Structure formats: structure tokens, C-alpha cells
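Shared between the two complexes below is chain A, which pairs with chain B and chain C, respectively.
== the complex of A and B ==
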């Protein structure tokens, strides 16, 4: 029973981590609190649905198309919508407020476009919905895929960011955007790249989630909320933080649902959120950020 | 288009706010606004003239969290009905004259405040002749006092409430057509009793419900229904709306020894539970799920795996009028109606149409006719009892690709339920 719960918790946490990673990169590197993040996820989910239902292509193959599209979309949004804000902002606080307002507007634009294109109905298809035996627990293959993808992306990007020159430049911009140009780093380009990367990660998350979760054009907000909790809990801009915070949330929800009551999962999530923030105000890995 | 506009905006910013550009654009914008405003004013009612149309208004959730439900059960029927009536020349009046329907539509954006404001606007500013109800139990209750105050009959369909007899006393022109929670749970208890009597299932039930309007109403009604029928509820928990992972609950239910699993769930959860039960190889003898099971997409998506799953609602596949309605619905709106409230919604519109034909546009007379008249609709012969539709299907089951009515078991036309539920494919 305990192993079953543990594995179920990790798998659920994998989804949360996957969803949050793009947001943490966008917030960390581009210093943009992207409130339209969830809408990007849903847009990718719609794209996966179209690829699967109209073209009959597996959503995993669809990733080859959809993830670069997410990247391009992030790139364009930064280039057209956010760069003017970055340019005119003097300090960090003004940019944060402006970007929140701008992406809040973007949220409604994307949502509106999806409403017009797909209507308000529930969309759902299933792909890879069969059980896989993991240490005696039956786990849905598509959810397992989400966990594996979260671990791979999280681990891979973490290594890239910490062990390559390119990653060091990105981190430099994240820590001191004003000073980075002094050592020859193009801060604007790095921020744009970080934002676009976040868009690609959101698209990956959307594709995988669409395999097992029912969504509507207006369900993006739910993902933004969950991702925000994970990001803040893990430490803004930290991939390892997002990964571990996501897994912790999944475990807490599953353990509370099994041993206490499913009605208290939300309460437990916010309780642990509060506890972690009291203990480490900048998030689990907040201090470790360099 | 949006992007190019943004790009222009940015370019203007870069051009040091060249004064002329900005002013010209502003001027254009104001001009555009005033044209739009003028068009709205021109469209306002021209009361004194001879009547050339009947104004029908409604506020519905086209956006927001309720749009999923409203977009399948309610709005397509409003569209279909208005189109059919207008294609036939309009609504027939008692003198045989036909007047086309003019629709006034608002999006309530799934906000209770917005729906109240829109109904008020329909009554006081648009001065429509009749108002069709919004979607959802909560919204129908929110607007009921307004319908009553302005004297409009309210044919509430997508509202499941046990308090209908009380509401009818409070709001004389309100009609409740989808029964109450207790109707559904006692019909289910009846079906379970029959199955237990035949020795198909044991007398234990595992039950989960969403901690929100629908789930609370239904589970509150279900507990006494099951107890009176001699069943023991061995697992009874609620979960917050928006829950996506049901593995813990499914595992607990599987370990509880109950042959019956009941979930009073909302559509996203209904879909999730169906998938996750398959993954966990959890195959109870009776699997009863909530809203969403009766959506056509549920049958399409789950295919052979839907076989044997039960829920609220259901239709009689032998009813030809209903079959014809389903075909028209598909043709006109491009989507199939659901298998629970859709046909009742369409029936309510037919009742309204017939009542207007018999009594004209006087709302009091129409309300009186709705309360006391007998109507021939897509459901067959319909007569309301105390402003409520009581002859309903309260339980259905997926049987070879159709969501067939199986409860109440003693109603004529009920198909026998397939028990136990077949194994997952």
C-alpha cells in the first residue's frame, strides 16, 4: 500500500513539475511573471488534440512540431510585447508589474482565440492510457511519461545551465541583468531566449497533459496557479527547485488523499506551501541560486 | 493581425511619440467607437410601431468555466430552436399570424453577477418578450427572483434541485424540468435493490463526490436513499473540484469490498475516473459516474469501454421523435446533443412555442398555459405537475454505443440494465 501511494504521488508530482518548469525559467531568466503561461499550455494541448484527431499522428511525434512552435511563440511574445516594457523600465519592480499586466491581457487574447476556434466545450482524447507495472503499482503510461519527461528536461537543462558557457551566460542575466552586458553578454538576447525556452517547455507540458486530462479553452488559469505555487515553493528560476517542489506537492496530495481524506488535499497543499515559505522565504532552493 | 497591431504600437513607441501619429490614431479610434455606438442605438427597440417580430432574450455562459456545460446542453438548443422556428416563418400567434424570432444574446462569462445584470437588462432595456433561462442550478436560482419580479416565466431545465416544490410556491412562474437529487438517487437505489435481489451484487457501496454544488446535493440525497434501501456505504469521501488524480480513491474503493462504485463528479473528473479505473484494473460490478457520462463525446472516446457504465439521465432509443431531434441537432449545430438535459431543454422550448400559439404574447397567459396545458413535444405528451416535469429518466447506461434509459426500473420503456458491468477491453 505504501509503495503504491508513493509511486502514485511521484507520478502526480511529475505532472506538476513538468508544468512548472517553463514558468520558473521565464520568471528566473526573463524576469517576466507570465500570467498567460497556462494558456500556452492549453494552446499546445489543443494542438496535440488536432494532431492526434485530425492527422492521426501520435502526440509524441507531434512534440517535434509543437515544442518548436511554443519556442517561436515565446520568442515572438517577448520580442513584440515584452521588450518595449523591459526597455522603458528603470528597475526590477516596475518591469514585474508591467509584465504582469501585459501578460494578463495576453491571457485573454489567447483564451479568446481558442474560444473562437474550438468553442467552450470539453476536449479530451486518450493516448497511452494503459497500465504499466512499477514495483507492483499499476501506473498510467501517459502519466509516467510526464514524470520521465519532467526528470529528463529538468535534469538536462540543469546540467546545461550549470556546465556550459551558454548556461552560465543565462544565469548571469538571471542574477544581474544590469551587470551582465559589462562582461559582453547580450542581456536582451538571453532574456528572449529564456522566455522562448519557457514557451517550448509549456508546449511540452501541454502536449503530455492533453493525453490524460480533460481541458476547455478556459482551463489555463488552473495550470498557471499550480505552476505558480510550485515555482515559488521551489525557488524562482531554479529547475531543481521546481522539480522537487512538484514532486513534494504530488506526494503530499496523494498521501493525504489516501491516509487522511481526499477532501483535505487542497488544504494540505497550502499548508505545506506556507510551512516551506516560513522556513525558507525564498523557496526551497532560493538561496542556492547563483 | 493582432501581432501586426502590436508591432505598429511598438514602432510608434520607438518613434519618440510623434504627436501626429498618436493623435491621428486616437481620432480614428474614437471615430470607430462612435460608429459602433451609433449602430447600437439604432438597434434599440422601436416600440410604438406595429409588431414585426418576437424578441427572445437569454444570457448564457459562452466563456468561463461554465461554458463547457452550457455549450452542450443549453445553447445549441436555443440556436436550433430559433433557426427552426424562423425557417418555418416564425412563431405562430393565436390569430394564425407568424412573427419571426429576434434573438438578444448575452454572454454571462460564467459570473453570477453578470447573469443577474444581463437578465435585468433584457427585461428593462431590451424589453424582450420572453427570456430563456441560463445554464446551471446556481445561476437559475440566482435569476429566479428577477424573472419573478419582471413577470417572465422561467423554464429552468439545467437545474437539479429537491427544493422545486418550495420554489414553485415562492416564484409562481418558475418551472423545474430536470427533477431533484433525491429523484436520481432513489431511482439508483431502486436499480441496486433489484440487482441485489437477483444476487448480482452485494449490499456495499463505495461513493465519492465533488465538494461543490452538484456533488453535495446528490450525495446528501444519496445517503438516505441507500440507507432506506438497506445498503451500506463503506467508503464515502468528498474531493475538491478540479482534482485530477483519483488513484488514491480508486485504490481505497477497490479495497473496500463494495460491488458498486458511485461518483457524483463533474465532467473533467468523470473522464479522469474512467481512464484511471482502467489503468488500475478496477472493474466494479456497477460503475455509476456523474455529469459528463451522458455527453456523446464520452461514448465516442471510450468506445467499447463505455459499455455498462451508468449515470444520470438516459434516453429511450425507441422514441422516434427523439431520434429525429437528435439528427436535426447534429445537422444544424454540428454537434450531437447530450443524453440527459438536451432533449428536455428542446422540449421546454417547444412547450413555450405551443403556449404562445395558444395564448399569444401575454406572459401571464402563457405562464398559466405552461402550468396547466398538455403539450405534444419531442418527449411525447407532456403535462407539468405543480410546475415540475416528473416523468423523467433518472438513470441511464451505455449499451452498445447508446446511453439507454434503465431507471426508474418500473417506468414503462426502461431497458433492463446489463449487470454486472463487462470487463474493460
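== the complex of A and C ==
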């Protein structure tokens, strides 16, 4: 029982961590709050469902198609929708409200398209749906695969961002957007790339989620919200923070669902969120600022 | 003199509007209810967000709580008492939420309120399925549509009066100082958190009451119906487009947009959400200086009619976000 819950929690937490890493990159580097983030996730989940059911391709292979699509989508959204707003605001305060409204509009558009295409029903597909014995507990193979994928993609990205030259450049923009151009970093390009990278991660998250969870056209908002909470818990722009906060959130949610009541998971998440906001507003791993 | 004239004009407008149900059919009354509801919601939203710069997405949390309170209590308590209870619940939640989040930077507040409706919806659903065992309730109240309309009209007038009054009261003066410079405000002894909390509570109670008054229109209520996040965003865009910090701004934004949304949902029911989303994006793009900048332009053109300093446009949400509570 405990092992099963622990593994289920890690699977969920791994997914949250993966998804939140994408959002923390988007929000940290491009500095626009993307309220349509969860819709990108769900769109990728639908894409995986289509690829699996109508083309008969496994979601793993589907990832090869869907992740670049997510990257392209993120790039386009930033290029067409957000960059004009960033340019226009010239660093002013109008950007915050404009980006909230614009990405919210995008949320409605994507959600509406999915509603028209797939209807409002819960959707799932069966992939690798057999039990595997882990430390005496039986766990569905698709969940294990989801965990492995989440860790591999998230870990790989973490190494890429911390150990390569352009990863360092991206993080420089996240830490000091005003100073980055002084050392020759093209901040605009970094923002576009960061946003696209976030889109690719959202797409990966969507494929992973679709392997073991049911979803509907309207479940994106919840994912946006949880990803935002993880981002803030971990500190904006902090990858390691997002990773650990995601795992914590997944574990807490699963334990509350198992031992308290499945209806109270969101309440538990919110309680943690509030505690962290009041106790350490810059995030669990964020540096305290004056 | 100006004030007296303004009051007289407002009184005449509301008196004429009060006679509307005698000349309209059922559809017309329904339309007027929806419109008055949104004018009140947008004005109440502007009362808090337009003056403090905190973008609240919690509108539907309070709206839904009001409606659901009526659904739960409609067979046990007399109607006026239900409204009082709904208002009290709204006040309680607003104080708890405001107390814990209003000291934080704007962006955290946005995210927190974004999820608040979902949180309350899940809590209500959990309570209904595990404690009472039923999900969904019926409302049988002897309240006709014209009564709902009149109640909303009174609430709307009250909201506008409160907005006007806040603009010239001590509270309004404090808000103006906070809007100009928070540091100065705190140094001359203004309790910033308490001032924001007071305004947030007033705004939340009004929004709760709008939900409570409109509840009998549904007859069948369940959490998924009354906690529909679209309400929060319609309110937001209406208030912003009309000018959130002006007395009549939210109303001027709410009336045309409500009619537009009504027309869209009637003619394109399947593609409503796509069109709504595109409309949001178009609105953001056609206003060259942004939605808040647009409201500021309007305010500049008519400097006489503003009850308080335009705050939303000056609010450094983005710049605050990194520092959080210092």
C-alpha cells in the first residue's frame, strides 16, 4: 500500500516537475505569464491519443513528432502573439495585463478547438497497461514508463541548461535580463527560444500524462495552475527548484488522495502553496531578495 | 452643483431602468438581468482592482459561493436572511483570502485568485459528495425575474454609490497615496494591507450578492455551473476596456461587451469559446498602448469625471513580482 502510493506519487510528481520546468523556463526567460500553458499540454495529450489510436504508433515514437510540434507552436506563439506586446510595452507595466489577457484568449481558442474536435468527454487510451512488480507492489507499466520519461527528459534538459554554453546564456537572461545583452546575449532570441523550449516540454508532459491519465478538453486550466504553483514553490526560473517542488506536490497529492480523500487534493496543494507564499515568498529554493 | 446634477441624472437613469420590466417580454427581462449583473460585477471588480492594481481572477469564486449558498439554504431560511448569510460568507472568505495574500506582490495574487474558484468548486463538490451525498440542488423560490432585476438594479446603484463615496472618503485618499507611492503611504501612517483588505472585502461581498440574487434564475444548480471561470474573465475584460478606475468605466465596458457575448453565444454556440478567445486577442492587439493604457487615455481626456487616481496602468505588477514581500 505504502509502496504503491509512493510510486504513484513519484509518477505524478515527475510529471508535474517536467511540466513545471517548461513553465519556469517560459516565465523565467520570456517573462510573460502563459495562462494557455495547460492547454498546450492537453493538446499534446490529444495528439498522442490520435497518433496511438488512428495511426497505431506508440506514444514513445509519437513523442518524436509531438515534441518538435510543441517547440514550433511555442515559437510561433511567442513570435506572433507575445513579441509584439513585449515590443510595444518597452518594459512597462502594461505587458503584465496584456499578456494575461492575450494568453487567456489563446486558452479559450485552443480549448474551443479541442471541444469542437473531440467533444467534452473524458478520453484515455490503453498503452502498456499491465502490472510490473516493484518492491512487492504491482505498478502499471505505463506509469513506470511515464516516470522514466519524465526523469530522462527533465534531467537531460537540466544537464543541457547547466553544462552547455547556450544553456548558460539562457539562464543568464533569466537571472539578469538587463545585463545579459551587455555580455553579447541576444535577449529577444533567448526569450523566443525559451518560450519554444517551454512549449516542447509542455508537449512532452502532455504525452506522458496521456499514457496513464484520463483527460478532457477542459482540464488544461488545472495543469496551468499546478504548474504555476510548482514554479512559485521552486522559485521562478529555478530548474532544480521546479524539479523538487514538482515531486513534493505529486507525493503530497497522492498521499492525501489515498489516506484522506481524493476530493481534497487541491485543498492540500493550496494549503502548501499558501504556506510557502507566506513563509518564503521567493520560493523554497529562491534566493531571498531585499 | 456638479455632484447634485450627477446624482439627479443617475437617479433618473435608474428610475427609467426600473420601469423596463413593464415594457419588455421575458427575453428582454432576461437580457436586462444579465446586463445589470455584469455591470455590477465589473463595477465591483473595478472598485478593488482598478484602484489597487491587483488583478483579481476570483470573481467567479465569490459569485458561485453566493449562488450556491442560495441553492443550499433556499428551503430552510426566508429569502432576505439567505442573502444576508451569503453576504456574510463572502465577507468571511474575502477576509481570509485577502489577509493571507494581499501583502504579497501582484503576480502571486493573480495566480492565487486564478485557482481560488477551482479550489472552492472542488471543496463544495467534496462536501456534497461525501457529507450530504447529493451533487446538484434545486432552487424553488417565489422570486420572479422582474424581482431579480429590481434587486440587481438596487445593488448596481449601491455599488456605483460606494465607488463614488470611496473616491472622496478617507479610504479613497489613502488609496490615492498608495497608488502614488507605497513607501510614502506607509511612512505617513497608512495601513496599506488593511486599506486593500477593506476594499477587497467590499468588492467581494457585492460580487457574492450578485451571484446570490441571480441564483433563482437557474432552478438547478451544481458546482460546475456556478463556478464557471468564464465569468471572471468577462468581468475583467469589461472593466478594463471601459476603464477600471473610473466611476462609470466598468459599466460602459460591460454593456456593449455583454450584448456582443450574448449575440455570439446565441449565434455560434459551438464556436463560442474560440470566438471569445479571438476577441480577447484582438482587443489586446487593436489597443496600441495596451488595455490599461487605453483606459488611461480615456481618463486623461476627461479629467473631471474620475473619482480616484488611475491605478491599474501605473501598477508595476511586473516589477514587484520579483521582490514579493520585503
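The rule we apply is simple: the second predicted complex is superposed on the first by the 268 of 290 C-alpha atoms of A that agree within 3 Å, B and C clash if a C-alpha of one lies under 4 Å from a C-alpha of the other, contacts with A are read in each partner's own complex, and residues count from 1 in each chain.
In this text, a contact is a pair of C-beta atoms (placed from the backbone, for glycine too) under 8 Å apart; a residue touches a chain by one contact, two chains touch by 3 or more.
None of the values given here were measured: they were computed from a predicted structure.
A.B. asks: Once the structures are superposed on A, label A:207 by its partner contacts, choosing first (chain B), second (chain C), both or neither.
C.D. replies: A:207 sits against neither chain B nor chain C.
A.B. asks: Scan A:278 for contacts with chain B and chain C and give back first, second, both or neither.
C.D. replies: The answer is second: A:278 touches chain C but not chain B.
A.B. asks: Would you check which partner chain A:116 touches, where first means chain B only, second means chain C only, and both and neither mean what they say?
C.D. replies: A:116 sits against chain C, while chain B stays out of touch.
A.B. asks: Would you sort A:270 into first (chain B), second (chain C), both or neither based on which partner it touches?
C.D. replies: In the superposition, A:270 contacts chain C only.
A.B. asks: Looking at the overlay, does A:31 come into contact with chain B only (first), chain C only (second), both, or neither?
C.D. replies: It touches chain C, and chain B stays clear.
A.B. asks: Going by the contact rule set out at the top, does A:42 touch chain B (first), chain C (second), both, or neither?
C.D. replies: neither
A.B. asks: For A:254, is the partner it touches chain B (first), chain C (second), both, or none of the two (neither)?
C.D. replies: Touch status of A:254: first partner only.
A.B. asks: Classify the contacts of A:84 with the two partner chains as first (chain B alone), second (chain C alone), both, or neither.
C.D. replies: both
A.B. asks: Counting only touches as set out at the top, which of chain B and chain C does A:12 meet: first, second, both, neither?
C.D. replies: First partner only, chain B.
A.B. asks: Report, in rising order, the residues of chain A that make contact with chain B in one complex and with chain C in the other.
C.D. replies: 81, 84, 88, 109, 111-112, 115, 222, 261, 263, 265-266.
A.B. asks: Can you name the residues of chain A that touch chain C in the complex?
C.D. replies: Residues 31, 33, 35, 81, 84-85, 88-89, 93-98, 100-102, 104-113, 115-116, 221-222, 224-225, 228-229, 232, 236, 261, 263-267, 270, 273-274, 277-278, 281-282, 289-290.
A.B. asks: Residue numbers of chain B touching chain A in their complex, please.
C.D. replies: 2-3, 6-7, 10, 13, 61-65, 67-68, 70-72, 110, 208, 211, 237-240, 242-245, 247-249, 251-252, 267-268, 271-272, 275-276, 278-281, 292, 295, 297, 301, 335
A.B. asks: Hey, which residues of chain C end up touching chain A in the complex?
C.D. replies: 55, 100-101, 104-108, 110-112, 114-115, 118-119, 122-123, 125-126, 129-130, 229, 233, 236-237, 240, 270-281, 283-285, 288-293, 312-319, 321-326
A.B. asks: Give the list of chain A residues in touch with chain B in this complex.
C.D. replies: 1, 4-5, 8, 12, 15, 76, 80-81, 83-84, 88, 109, 111-112, 115, 119-122, 124-126, 129-131, 138-140, 212-219, 222, 250, 253-254, 257-258, 261-263, 265-266
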